[in-house]
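Okay, got some structures for you below.
One chain, chain A, appears in both complexes that follow, with chain B as partner in the first and chain C in the second.
== the complex of A and B ==
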């Protein structure tokens, strides 16, 4: 399977989190025995729904919360008990938290002044930050005189100004509208890569995590479900929860019939799956077969093979322009989703509501989930 | 009710409110220009009582004392109010927090007479045992500051509550120690609340007669006390004159401050609109 090259390069570890647990009020386990390492220059995303503990973990990295158990190391130094103002870590807040009484220039210089940096150096650093985020001509404005996207760039410049070893991003695009998000996403990654700062970002938006991060940790109830590169997480989810959380997925419940080293077959209600790789399981085991909607081909003609297809009735059609999503009700009553690319203008597969249709897929399209 | 009736009702109600609130004040202003020795009988217009006011050294001394007490008690109130509000808002858990939050604002609902009486009893026994403090300027100041602190706490608390707590964290993240956060971020953002708390406690102190009466000593009479005592002896038209001067000053200050606030708000809205239209170009 293909792994993005940037994740393959071996680099020195910058951040090491060892068995960190956070318990609130003696009972609520917000973060449960989490360990992770982040290499220098990496962009690491903590992805999960609200209340999964990702923000608490980030706040412990920043120093706003103290871990109940475990240790945090930055560049080999134990920073577990350092207050936020002594950590070489800066954070970009979700709401940006720009100081409303200070101008853009003063906001960016704020952290530098606390370090008693000489005046000429402050001027130089602030100017370079302003040109980095292309806000030089807005230097004298107050935050309320800027649009959302500009405020976000000021927040980024402010958090980068002190040249932190680690940059924390809390839902970096959460406050922007959808259209602005896409352009800002790439802009943000470009700036971070230009500066070369190591990044930990928190998000609930899987697209944001996939486009920005080199590695993603999927979190739920305080622990990591899976850690891996975006394509690993998407194409090789290790559990139903991960498969379900990242993107759309159809999960067929079934029982393993044949279990060979180079393939397995799984018998389900509606079809027989022939999976082109081995699994760590045995025959007779109950498993889930995860199949992404975009990997399904819909036809009106019955496929010839004996496996990897099923028959159903089209119950919903949602047209998205670039692609169309069909809901197919199988004979057992199960509904699956199939996504067809609209690569010609006449909506090639020509299916409409109530049509009988056949869904088929290749033997490398699905993932067997044993848990 | 149709819209016409609602309009008619609103307008007549407005007139009723205006008459109710401002008729007495208008009467007072008019009668301050009355030449007659008798407060309630109009003879003809003159500035006689204003001239008399200039020579009334008792009254002028009382006004000066009132201003002095109002100024300093407002300062003290705002100082204590800020720290009380800050403790209550920023530190969610410390022993006695709930007690403090309810006790700090109790003077708001406690009748002035009771506050004044209890303070007097305390001060008298203190003076008896310690020989200090002599009743006078200091004790009035103390009473006013006590009442003012409660008001200032309420005003500052409401502002602190709507302030984004993330700003404190951002400041700490950028290298501020806790006291620097307070000095560089919290305090500047609280400034408008501090100004309004100051003005509120200033006026509270300036027009207080109950606490002052309990707490003053010989030779220390505030303006409201003087007016009150003279009114009991039979109204002297000089009082009308001094009241008119006070009203003019207060009105001017209120108009100026509201004009300033609305101007700032308009400017701010314009700038926000400008920022958004800039980016959409």
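== the complex of A and C ==
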């Protein structure tokens, strides 16, 4: 799913946020003691549901909100108290905020004119921006004469025109429909990588974050739950909240029986888990075992092993074309989801409603959640 | 008969009635009176009444048009001067109202949401008192032994009373005072709808707050500026009461001339011709405004 993030051989920090807190009306903590660094060339995503503080954090980076506490540094310089119009940071706004009374050309030139750039240079820069986003033909149009996708590209061109050190993207694809979003996502990443600008992006859409970003911070109630690459966040979530927020997950509650450095076993109501990684904990501890639906294999035959399988009844089948999701009601009454890839045209495991079925998985499929 | 009732039914269906009512209103209360005024303006005065336009000679109707009033308006310096002076004072009123009203409306639109209804009320509060009384009140403030002069003299700021009453100054005070709400209200309606994200985008792209105001807020409030200016300019051109009560000999306005023609000279055709020319003068900015509005409507669709 993820476009391979570009590895930064020498990590050089561009943005550093130190213990930033934002309190609204003296009580509401929108952002709570957040620290982060973003390296040059990185695309960093702030991911979270509405009201998690991601937009407030972005607005503080842009300069529209002042932090109640903490500092923001850009390339080593303290920009905490700099007004937005003096920051070498540009933002692509949610639903774009293109100036309706100006043409596409004038919208893109707006920031350059504020810098008193010589006329010939403005012309040159705007033309190159227009060709970058393939809108040369539309230069004389007004924003309302463009489609959603075209408006999005104008917004991108406008925010890139000043060659900012840092580009902020606020729900960059939020206003587009699903089909257009997929193609635009790739286009956007390509353009950003072509320009080589460092990005901080805010989104509530985990797919968008995983496709575009090289690192993701999952936010909730004003603080970071986990920061990591898309695959780290997906495969090694550090808490139930993260596991639950990113993709689908089955979480089994259980108690640690064996606790070795290379494996643990967890006893649950319906099965015994043999997990192929160690944990920082001890036996007898209550934990959750997270298992992604696509890592489960459904069969009609009973597995022979001792671990990592359970039995249940198929209660729901949802066919998605590429794969099918089965709901399996286990003996304890717990319902788990299993995703089976439809890799042949006769639906692979031949299960139907009411069938008894066995779910099994490998010892590398799970992750133990201690919190 | 059946065909006729069907026709009547289709004609009087809800759609036609709803669309028809405003047209009927406009026809009865604007177009017909206007045509009557137009007719009077090309008639002749006969002792106490106006001559009829159609006379009968040998069984044939003859239409008699008399453009003498118009010719007189065009040739007499007084009328031309008065029109120009009316336009001048109306324009001045509009400009002053705009320069006072815009910041007023701007801060109202930026005020905390819960305060806005109260501020709006304060703008409309003067309407609770009769217009005539409020203009009269200005008289007691502005005359030589009025409130303002007395206070300033007792404070020692001035030695002799300032000559304010019956000057262009007192006229402008009355005009601006009366028409300011008509400027503020459409501007406020427009500015309170302004999307703050545009200003943020401008700031983000390097525009200082002043630049952002000048390059974003002002052009985006163009519709409000035009609406407010029209609402002030058009009635200000034909204003009668304020120049009559607060104006002086050198503040000629066409409303007063009109009054004089009707009630002092009893010259109805002349008065009507004066009115018709005034309407034509006002229709020019109206047409510009309408053209702009239909352009805007086109942009939105």
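Here, the second predicted complex is superposed on the first by the 363 of 371 C-alpha atoms of A that agree within 3 Å, B and C clash if a C-alpha of one lies under 4 Å from a C-alpha of the other, contacts with A are read in each partner's own complex, and residues count from 1 in each chain.
Basically, a residue touches a chain if its C-beta (ideal position, glycine included) is under 8 Å from a C-beta of that chain, and two chains touch if they have at least 3 such contacts.
Owing to the predicted nature of the structure, the values given are computational and were not obtained by experimental measurement.
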item	value
Partners on chain A (chain B, chain C) - clash or fit	clash
Contacts of A:150 with chain B and chain C, given as first, second, both or neither	first
Which of chain B and chain C A:178 touches, first, second, both or neither	neither
First, second, both or neither for A:93, with chain B first and chain C second	both
Partner chain in contact with A:345 - chain B first, chain C second, else both or neither	neither
Contacts of A:137 with chain B and chain C, given as first, second, both or neither	neither
Touching both chain C and chain B, counted on chain A across the two superposed complexes	62-64, 83-85, 89-91, 93, 95, 97-101, 110-111, 114-115, 142, 144, 158-159, 162
For the chain A and chain C complex, residues of the former touching the latter	62-64, 83-86, 89-91, 93, 95, 97-101, 110-111, 114-115, 142, 144, 158-159, 162
Contact set on chain A toward chain B in their complex	62-64, 83-85, 89-91, 93, 95, 97-101, 110-111, 114-115, 141-142, 144-147, 149-150, 158-159, 162
Complex contact set, residues of chain C against chain A	195, 197-198, 200-208, 211, 215-216, 219-220, 222, 299-300
Sites on chain B touched by chain A in the complex	164, 166-167, 169-177, 180, 184-185, 188-189, 268, 271-272, 274-276, 278-279
